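Below you'll find the structures, each written out as structure tokens.
Common to both upcoming complexes is subunit A, partnered first by subunit B, then by subunit C.
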Partner chain A sequence: MSLRNPVARTRIFLAAAFCAFAALLSGCSQDKTWDLDNITGIVSPLAFSLTDDTGRHVTAETYRGRIVMLYFGYTHCPDVCPTTLATLSQALSKLGAAADKVRILFVTVDPQRDTPPLLKRYTEAFGPEFIGLRTDDPALRQLAKRYRVTYSLGKPDAHGNYEATHSSAVFIFDGKGKARLMAESSSSAAAIAHDVQQLIGGA
Partner chain B sequence: MHSLLQSIALFLIPWEFSPTVLLLCAGSVLLYVRGLRHASGEATSPGFWRIAAFFVGLTSIYAFLQTHLDYLSQHMFWIHRLQHLVLHHAGPFLIALAAPLEIMALGTPRWLRRGLFAPVFNNPLTLRLYRLLQHPVVAPLLFTGLIGFWLIPSVHFKAMLSLARYDVMNWSMLIDGLLFWWLIVGPEKHTGLKPLGYGTRIIMLWAIMLPQIAIGAYIALSSTILYTSYSVCGRAWPIAPMTDQDIGGLITWIPAAMMSAVGALVVLRRWRNDSHSERARQSSLGMEVQ
Partner chain C sequence: MLLKDVSRKPLLWLAAALCMAFAGLAQAAGSPASVEHARIRWLPGDLPLAGYFDLTNTGPRPLTLTGASSTVFGDVMMHRTVHRGGETGMVPVHDLQVRPGQTLHFTPDGYHLMLMGRTRTLAKGDAVPIRLTFSGGRSMDVMFAVRGADMQ
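Right after this comes the complex of A and B.
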């Protein structure tokens, strides 16, 4: 089979293309190291400029060296936020003393109602590692866009109450601020604890 | 009135501004309009419908890449499917029907043609790649392969979480759409290749239809949520995830596959016109012999 022969060349090319495609597909299969979704190299690194629940200005640098879990929610959230935060709290208690190496950043999508004192009371209820963060609309929209998530506020009812839609993702960053894993509202505390333990161990 | 203007402005402002999209769309319009001016009154001047097809096709592509529709496509599965229906099917189909390259070449300044277009398009590597991609077996495989590839749930999930992957996905769909429909309903001349037979084109259209029906039906009839990124990242407005997925599957299934029927109608019409003129030519030749 001569390489000068166009038919042979086409055949070799098609075979090579098929192998490349198969390799690509097998590369997409789940790795067994992590229980959660591995987002290394996919999601942007940690970067933000926000106000924390004590009124202090904070950036990603503030939490460098710690495992950071970033979550978008709001304190009036009826179900998803409290259950997700409770799961994270359970995961931290499984970690024991190592939990201090973790910070959970709860960014409110409802800064109008979520004043710093309210945020502080809400996040403290889940544990000392939980910190409420807030900012106003253009900056909040930009931050959500950076993590490819969205939120929207519903119309207020007669009592001025309204619901918000938001992402259910918990983005987990390593000590260098690199995005590593993603937990969802359905992830178990055991899975989160297992993976965070590995991250603390330097995996 | 004020709030109306505000919402129109909000709609038109790009969600993720892309200089590439702006440059390519504005550049194409500029070359096309210059070319139209050159061609006005001459035989090469395209009629109203071809000009309209060009502008509608290009505008719809721009709208799905650079307006609020792009935001909605990122946060609602069925709008994402609609986005790909425009980027991979309807938009390129209209542009191929308009066959604007001849007009655009008329409008291209000499420095641009000599400095950029001629070296790139006449490059043997470009021509070889073009010939490979436009092979009658490769083209339908690529067309349906790309649809299938980006709809593999794990691939789709990552494309929706990474701006870079999202851009690669949309560009691959758009470029492949332009190549495929150019091959099927584009002009007969200036393709750089011997035009495909009409029968071959009908077979290709049929070949891309069946996998699209299969993929669309699989999504629409699936009883589990296949594409979780929309739930995880938040939807543009509250809608049941299952409803979102069902509509998205139906868009992939019916209108996308229907494009093959529309394409086949165009091909059949040209086939008939060609055989008519062929017969006319033969009969006039016969007259001469007599």
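Right after this comes the complex of A and C.
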């Protein structure tokens, strides 16, 4: 491109001025902006040793190279767990083919009822990227502690049904297993898709 | 049998059509309320399900929702999801008052009907009857649409 050409120079100046104006309007700078909470350097890297919903032993290395979303819940949870997983499923739909670069790891806080076959049927209902993981105490307690989340199981009623409390956080790790972002049950599918797209792009 | 009978009697047929039209609006006689977006999220096996809807009080007096029941579930409870210090759980809900003109939302991550103990298998696309009960002995039958796990 010739800068000696006055028309081209004017065009470049106008383009630069427009860019600066647009940047001012959108408030964006050269930093990456995130819709979700940035937890880089705050939350421990991905590390675990668990059994997946096919009975296979898996570790963080199993999912290296993929964006991992880690969530603690239980299948008998009627509202907040499936609501969160449905939002993640909708976010993956927005990513199209890039969704295959993402794995959603659902760690059950109720390993007694959440057998691998039940976890498999449950996670499959949300999509092929969803994987159920389990372990027993005390390994589960240790894993929860690593991510500073708590959970508790309620007292069984006359029918043996019980509820649990658990964290609403979804921890998002990059392909190297570094904790980057945190979503919650109230996060929108659009915000999650936007940020995961940036992570896939190497942000 | 029923169809055969009504087809022979135009008046009955008309009455049936009118009833169906009213049922579509989910506006039962004696219950000055309307329900929209009644839906259930399907999950596999016999896992507890959540039911959601929007209930509008179309009458002149306050309305109190006291509970729900269904022939398709052994147990129906009203719950609310609560968040406390990063932890989430559910609490039972008993009486919910709706003022005239107001809409009560049973919505994901909030109020929900907790549906337990399926009496038959359910699949996406099914319609499930649930009876909402109000103080004063009134009730209203509503058809809930079964959606997929991803709510699509």
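The working rule: the second predicted complex is superposed on the first by the 171 of 203 C-alpha atoms of A that agree within 3 Å, B and C clash if a C-alpha of one lies under 4 Å from a C-alpha of the other, contacts with A are read in each partner's own complex, and residues count from 1 in each chain.
Keep in mind that, in the parts below, a residue touches a chain if its C-beta (ideal position, glycine included) is under 8 Å from a C-beta of that chain, and two chains touch if they have at least 3 such contacts.
Small disclaimer: the values here were computed from a predicted structure and weren't measured.
Of the two partner chains, neither subunit B nor subunit C is touched by A:Asp100. Once the two complexes are laid over each other on the shared chain, residue contacts for A:Thr150 go to subunit B and to subunit C alike.
Of the two partner chains placed by superposition, subunit B and subunit C are both touched by A:His166. Greater residue coverage of subunit A by touch, when subunit B is weighed against subunit C, goes to C.
In the superposition on chain A, contact is made by A:Tyr122 with subunit C only, not with subunit B. Applying the stated contact rule after C-alpha superposition, one finds that A:Glu61 touches neither subunit B nor subunit C.
In the superposition on chain A, A:Ile39 makes contact with subunit B only, while subunit C stays out of contact range. Shared-chain residue A:Pro82: touches subunit C; no touch with subunit B. Within subunit A, the residues touching subunit B in one complex and subunit C in the other are 149-151, 165-169.
Put simply, subunit A touches subunit B in their complex at residues 13, 25, 28, 30, 37, 39, 42-44, 72, 145, 148-152, 154, 165-169, 182, 184.
Contact residues of subunit B toward subunit A in the complex are 15-16, 71, 74-75, 132, 152, 154-155, 157-158, 160-163, 165-166, 228, 231-238. The residues of subunit A lying in touch with subunit C in their complex are 75-80, 82-83, 85-86, 89-90, 118, 121-122, 125-127, 149-151, 159, 161, 163-169, 185-186. Contact residues of subunit C toward subunit A in the complex are 41-45, 47-50, 75, 79, 81, 83, 86-90, 108-109, 112, 114-117, 148-152.
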